[in-house]
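Here the chain labels run A, B, C, D, E, F and G in written order, and each chain numbers its own residues starting at 1.
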Amino acid sequence: MVRSFAKVVALTAIYLLALGQIQPGDILVGVLLAVLLVASARFIHSIPPTEGASPMGPALRRIAGLPALIGGTLVDIGRGSWTVAHYCLRKPPDAEPGTVTIPIGRSSPSSATTWGIRVGVSPDTVVVDVDERRGEMLLHVLDARDPDAVRADQRDSYERRQRRVFP
Amino acid sequence: MTAVTVALALPWVAGVVLVGFDGRRPTVAWLAVAALLADLVALVVLAIDVFTDGSIQVVTGSWPVGVGIVLRADALGLTFALLSVFVLLIATTAEAINGVRLRTFPGLVVLLATGLNGLFLTRDVFNFYVFFELSMIVSYVLTAYGGRTRQLRAALVFTSVNLLGSFLFLLSVAGTYRVSGTLLMSDVADRMTEVPANAALLIALGFFVAFSVKVGLFPFHFWLPTVYAGTRPAVAAILSGAVANIGAYGLLRFGVEVFEPQLESAATVLIVLGAASIVYGALLAASRGDPAEMLAYSTIGQIGYVLVAIGVGGPIGLTAAVLYSVINGLNKTLLFISAGQRGRLVATAFAVGAFSVAGVPPAVGFVGKLEMFRTALAANSATLVVLLFVGSALSLIYLFQVYQHVFWLRSGPVGESAIGEAWHENSPLPLRALMLVLAFVVLGAGVWPEPLLALSDTAVDALLRR
Amino acid sequence: MIAVPTVVLIPALIWMTLLLVGGGLVLIRARDAIRGLVALDMLAVLVISLLALLSYLRGQPYYFDAAVALSLLAFVSTVATARYLGSGGPFG
Amino acid sequence: MVRHPDVIVRGVARLLLTPSIAVAAALLVKGYAEVGDGFSAGMIISLTISLQYVAMGTSATERTLPLLRFSPALVLGGLLLALATAFFPLAWGEPPLSHKPGPGESVPTVGTLELFTPLAFDVAILLLVVGVLTTILHQFANTEPEEEVR
Amino acid sequence: MSAAHGAEIREPRDGSRRRAPATDWLGWVACAVAAVGFGLFLLAWSADGFSVSAPWAPSLGLRLSFSLDGLGALYALLATGIGALVFAYGSRYLPLHLEHEHRPAGERWRFWPWMVLFAASMAGLALAQDLVLLFVFFDLTAICSYFLIGFDRDRHEARTAAIASLIITVASAVAMLIAAALFYGRYGTFSIPELARIAESESTTTAAAALLAVAALAKSAQTPLHFWLPRAMAAPTPVSAYLHSAAMVAAGVLVLGRVHPLLALSDGVLTALSVVGTVSIVVGGVLALGQDRLKQVLAYSTISQYGYMVLLYGIGGAAGNGAAAFYVLVHGVAKSALFMTAGAVTMATGEDRLSRLSGLRRRMPVLAVASGVAAATLAALPLTSGFFKDELFFKAAYAAGPWQTAVALLAASLTFAYIGRFWTRLFLGRERVADAVGGTAEITSSALLVAPVVVLAVVAVLTGVVVQPFAGLAEAAGNVSNGGGVELSPAYHLDARPENLLAVSAWALGGLLLVGRRLSIRASRWLAALGQRWGPRRGYVESLRGLSALSGIVHDREVRTLRNSIAVVLVPAAILVGLAFAFTPGKRSYVVGTVSGNDWLVIALLALVIIATVAVTRSRARLPLVLTLAVVGFALAAVYAFFSEPDVALVAVTVETMITLVFLVAMARLPRHRREGSGVPPTAPELPYADPARENPRNLLAGLAAGVGMFLALWGSLSHPAREPYVSTDLLTLTPVAHGKDAVTVIVTDFRGLDTLGEITVLVIAGVGVATLLRRGRLW
Amino acid sequence: MISTLLDVLGAALLLLGLVLHTISLYGVLRLPTTYQQLHAQGLATGPGVIAILAASIATENAGIITFAVLAIVFVAITSPVSSHAIARAEHRRYRRRQRHADRLEQPRGEVSEE
Amino acid sequence: MNLAIAVTSSLLFGSGAYLLLQHELIRVTAGIMLISQSAVLMLIGSGLFRGGAPIAPTDGPVSDPVPQALALTALVIGLATVALLLALVSRVTTVFRSASRDELTTSEAEYERALADQRRLDRDEAT
């Protein structure tokens, strides 16, 4: 219920943002549209989403974790940008770019997706592949000399930011 | 006013509905025939109005002229619309009798009628392009009807060449808007006088080339033989009897109504190209082994006559052009469809068509030839007279060579000629009867040519009065 | 109406246009299709940025519609092309 | 080759489905006042659908979104709706595309949404565009069995 | 395959074959129609004829005007009278013929309707008073003769003869149409009597008259367009009999007689007629001397005989016109009888060559006598009307001058010689036919095949005694051609007047030729050989073959290099642009335009477009091509944004994305390039493919030409933006009225909604088309 | 006051965005492997464009800002996906080459864990 | 600006035309695509006045809306045509097992050769 409500709110917001107007009528139309979409989304997907592999926390708590997730990601972006900019401008002779396998556990698809996006949006890491079944993510980093450090780093950012929202 | 809209809306709605059904079912095919018949009736009603009370104009959305798109039914447009829808009706009926093999055929033909009607009704340069493209895109699909290698090759050649033509047209529309600031034909014509000769002529040329490609005028014709010989006879009839009218009509409408000075300055070129078409078409038709290919080259030659007439211009020339276009459309429909059939009735029908093309009375073609000779004499050109003479002599040779070979020697078609695919040792009787009916139309129009003559006279009046 | 100083905006617009041209050149000069794809993806983003700047300059949001559409779906063609390269067809 | 689906692309495709429809709706609604119209809205929805195809593959997409099967109906229905909007004035002898409420009459609105026939026209275009493009993708993606034999 | 077809047809088809009926009721119907027609015309003519005129195509001033004047009556009576006899003959001949050829009796439906139409159109032609009407009936006779000559369609010579007659007569008939158009252009009418009244002697008239003469001469098988006629004997005998005597060939001289007042306005045309007539007399006569086939002798005779009439029309005046009319009448009677004789003989003996037939007098006494009379008529012996035809001929020729007299003498002797040879070979001498048929065969001839000949012989003799009916009719006809003043008084004069002297000389000379037949035949064969090598027939065949060869060469060239090329559209178009550019003032036609503000950025983007476009043309593999296309699209979308066109930019980016996608899905269905071989997995990235056309400099040139041409056109129009007021300003003001703010959307949905309706229909058809092409029209 | 602040902030974000874009393009031009180019490209497609979109706050135009927010959200979601898709394609191509070619061609300077 | 647009548009057209002449059908389609772009650019270039976006204009000049509307239509038609052409190419490729046009030319020539007999028969009808 809360999830659906959140979706309705998000969709209404998107509608209103795209409309660039916030008249009461628009909100009404937006909500109607959003409700319709959310209702039909359940109906459209005849194959139910294969979620539920890991129990979801209470929705409100998850939403509350969102700012931290976004903020943390922003920090990651900043750091990553700095690294990449450096690398672009003067490629350090000692850096060895390469792929690193990150264990992500048997997470839900939404979690894996979020992880991928979160990691991918930061320029210093490129998600090469995600294997749900093996619970692995193949990541390309600019300096793969110490894969374990990379893994630890990723694990840490997951634990601290993402798990609360997308376990 | 309502009739104008109905003539447009009727086939439009019917076509859309029909496209959704499996056209291989006889019911659907006959519904398409009914829709075309209804459209023809609507056009006839409209034509009666127009011929008695003059042109009828509708502006979309009741906006002022030029803001809304102007649809104007006049004698010229209606002449071509009647001809085209009639040809579509015949071809579809033939195909319905034969058994439609393509799900979308009936719907597409009705939509083609929509495109053509729109094109012949509109007075807006860009709207003309839209309907033009609508008709053409249907043609592209229809060309591939049959799906065999020749049809596909034909479709590919047809599509690529004609797309080039269409975009050329669009570029010219852009140029027209740039120099005239309007899209309404009459306003464009008025504004064109202020445009420097160079720009105006080049824009007009763009239109000319686009239409020439469409009708298959020499030297823009190379796509035509493959296509006409490659597609099914009914489609070839549609292409040469209905779709090619776009070119002839366009040359008349744009040439005379919008770009008159340009037309006059390019008259010689037009006549030369038309003459070249006549000679080339007749020459190449003379040794073809495939009746459809012979007819295709013949079409190239016949278009030459229309162009010569337009080039000479004046009431006589333009009347001849309109008349000849109509006659040619009827002839080619008759010939293309009957070339694929066998039987005595069909042989007679083919012969009637052949006589008509050669200008032998009482088939209607002789009226066209007479008008053509009047045109050539009006142009004071012995060369043209000789050319027309040679053209008709050659047409006699190539048509009857094939006639005898096909209907007297009774040789079956060879290879994967499209006509071969539609070939029946014993064509269904209704089909043969249909051919005979069409042959009677061709004969009847020759025996009593007054309606056609009056039609083309009125059409040209409408064109010249503007 | 124009809030961001024009002194900054106009050079920015010029620079962005040049970047777009540069991006296009990178794509054209790309050694293989994947590299081209990298550039194509970037090109879409450059167009988004350009549209945004144009919007700031004119003080009208209208150019943003195209930008939003691009940000929403320009990547479809990138992903599809990548799929085409990876598995011979754009779908799946 | 073992097909192993790409979770990220799939997830994002699923994630963007409804928001892009919301954006498209906004483009449609504000079309008369601002940028956008039925066509661009339809394009956006079509692209979203094609994103599903890209992410999940043809058969999976068409299984998960059974509504897609109605695309041909959408095409013809959309066009018929457009034709109805264009030609309904014929009923009282007005030229085609005379929209209602006409010039000078007041238009009922809900927020930005204006309830008049141009909206119906735009909706028709949207439906049609979505239908056509989906159909085209479907056509290209599905090879006819008998054809493969030939 | 076609050979098998042909063979199958020659075999009688089971079930369809019925025994040829003894009487052909269809033929009798035809005969009755002709006879009734004859009776009606006779009645009408005795009541001083009639005249009707009704509007036909008022837009062109065409009238259906018919008049039973003298000329009309003469030809109408000839056509129906001889028609009735020939049809009666045919009603016996045709069943025999069909049975002989193992063809079903149903084929007579392909015979008699044409015969009746032939007679009817001949009658129509006789009565027509309007040039276009004349042309119509003129061509109708050609159509009838085409189908009748080609009646035996399984025989190659019948088919070629049919098409030859069609080509020659119909193509030359076009000259008549041109003449009609000329007269109409000059005098505003097609009516012959009116033209005869108002036409003046001038160049237009001369040209038109010459054209009319050409049409008539070709139809009357006059040299050099005579060669179609001997071949036309491939037709069944009734056709030949009719065609040579009263229909087809007679139509030519009928037209000469009809339009003679117009021809007479030009001395040149009359002289030309005389010359052509003379040549035809000589050529036809000499060739007739050496022919072996019965119908060939008669066919060349026809050429020669119509030469007489043409010569007479060339001489003109009261004497010439009257004599010509009389000549037609008598010749019709005699020639049809002779043809029917030939047919009866062939039908009875199975032989059609003089060299294999002789001495038939005993077996076919009646026929021998009757055809003897016909031959005598043609040879102008006294007691037949033939005598008078030559009398009038000599009279007119003598009056016209010495060389005409000489020609007349020669003509008459030739006629005497060849027709004498024909009859004597057939009926006199030792009976040889038994050998040919095999001795046991019974030579019998149906009475019905002989009776019409007898009737005609009787007519010839009767009118040889009482000439008045023929003379009166011919006089009336001559009056039409001459505009009055014709008085014919054919009679036997037992004195030494020039006509009689000439007649006697002609018989003597003809007798000499007959006796010295070896020499005359050698001369004839020599002329025939000359004709074979240099004659018009050879010219006709060679030009057809040449046409075919030339056509083949051009066509091969087209197929090999032009057909699938689009350059043949581009290059001529570019040349036309070049011409247009060259012939219009170029000064101040082109304006560079101003560049301001962010235009510089647009120019930078356009530069990108240009670079990307060039890259598209240079890219070797498919995928880079598509990606580069996307660059073009994105850069253009940016350009549209810079031009303050957010709607266009929005649609452009979405369309661009969609097109890339469609390209990809389509490409996924295409095979990888051929040279990659089979060892490569299907998902392997494609290798670059060297397109042979890519390296072709001609293509580059064609593209360049197209680009340059387009550049001139586009720059030209861009240089001259329209002056105010613009319709766009109206649209902008009306946008709020249409309840909108975005002018572009309002235009698209309201002002120009019809465009949009068309556009979305195009989109739908494209979708349907894709379905049609890929999945046979299954939409899902 | 706030307006000026926003102006300054906007200008700064704009400059940042431009710089990132520029470095990104430079990197894509300069770096040798696809993966490395993807990192460089990420500079523009991620932070670069977000910075420029964020600069919209300086316009103080609600319409523009709302759009910018929307665009940021979408860009943030989609741009990693395209990078990933490209990387995945590269990865597959690499693996396929490994499988099909007899000789293994290790990309220069790359370390692979597989 | 006139010159710039004319150059670009005609270059697009010329390049498209050049691609149309090539054998590979995908390139032919790309040629059509370029020509369509050329037409749209020319339509945009034919605008008679320029200024801000023609949306709720308050003051100052706006861009000519008519060519924009036309360009929209042209863009859609371009999309439709390219899709159809690609389907055609795809079908042709399936049938001919080649995406190259010289195959088509070859098969056309073969077909014409097969007609030689019929051609002789035609000619024999007249001579």
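We adopt the following convention: a residue touches a chain if its C-beta (ideal position, glycine included) is under 8 Å from a C-beta of that chain, and two chains touch if they have at least 3 such contacts.
Since the model is a prediction, treat every value here as computed from it, not as a measurement.
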Partner chains that chain A and chain B have in common: D
Centre-most chain, if every chain is reduced to its averaged C-alpha atoms: B
Taking each chain's C-alpha mean as its centre, the one farthest from chain E: A
Selected interface, C-E versus C-F, where C-beta contact pairs are more numerous: C-F
Distance from chain G to chain E - Cα centre to Cα centre, in angstrom: 42
Whole-Å gap separating chain B and chain C, where each centre is the average of the chain's CA atoms: 47
Chain F and chain G: spacing of chain centres that average the CA atoms, whole Å: 35
Chain A and chain D: spacing of chain centres that average the CA atoms, whole Å: 29
For chain A, residues contacting two or more additional chains: 14, 16-18, 20, 116-117, 120, 127, 129
Residue numbers of chain D (touch at least two other chains): 1, 6, 8-9, 12, 15-16, 19, 23, 27, 33-36, 39-40, 43-44, 47, 50, 54, 72, 76, 79, 83, 86, 96-97, 99, 136, 139-141
Touching two or more other chains - residues of chain F: 24, 38, 41, 63, 66-67, 70, 74, 77-81, 83-85, 88, 90, 93
Interfacial residue positions of chain B with respect to chain D in the complex: 1-2, 5-6, 8-9, 12-13, 16-17, 19-20, 58-62, 68
Chain C contact footprint on chain E (complex, rising order): 598, 600-601, 604-605, 607-608, 611-612, 615, 621, 623-624, 626-628, 630-631, 634-635, 637-638, 641-642, 644, 646, 649-650, 652-654, 657, 660-661, 664-665, 667-668, 682-683, 685
Complex interface listing, chain D residues touching chain G: 33-35, 39, 136, 139-140, 147, 150
Interface residues, chain B side, partner chain E - complex: 12, 16, 19-20, 22-23, 60-61, 63-64, 66-69, 71, 102-104, 107-108, 111, 114-115, 118, 122, 126-127, 130-131, 133-134, 137-138, 140-141, 144, 147, 157, 160-161, 164-165, 168, 171-172, 174-184, 187, 191, 194-199, 201-203, 205-206, 208-209, 213, 219-220, 222-223, 225-226, 265-266, 269, 280, 283-288, 344, 355, 358-362, 366-367, 369-370, 373-374, 377-378, 385, 389, 392-394, 396-397, 400-401, 404, 408-412, 414, 448-450, 453-454, 457
Chain D residues within the chain E interface of the complex: 1, 27, 31-40, 43-44, 46-47, 50, 54, 69, 71-72, 75-76, 78-79, 82-83, 86, 96-97, 99, 101, 103-104, 107, 114, 116, 118, 121-122, 124-125, 128-129, 131-133, 135-144
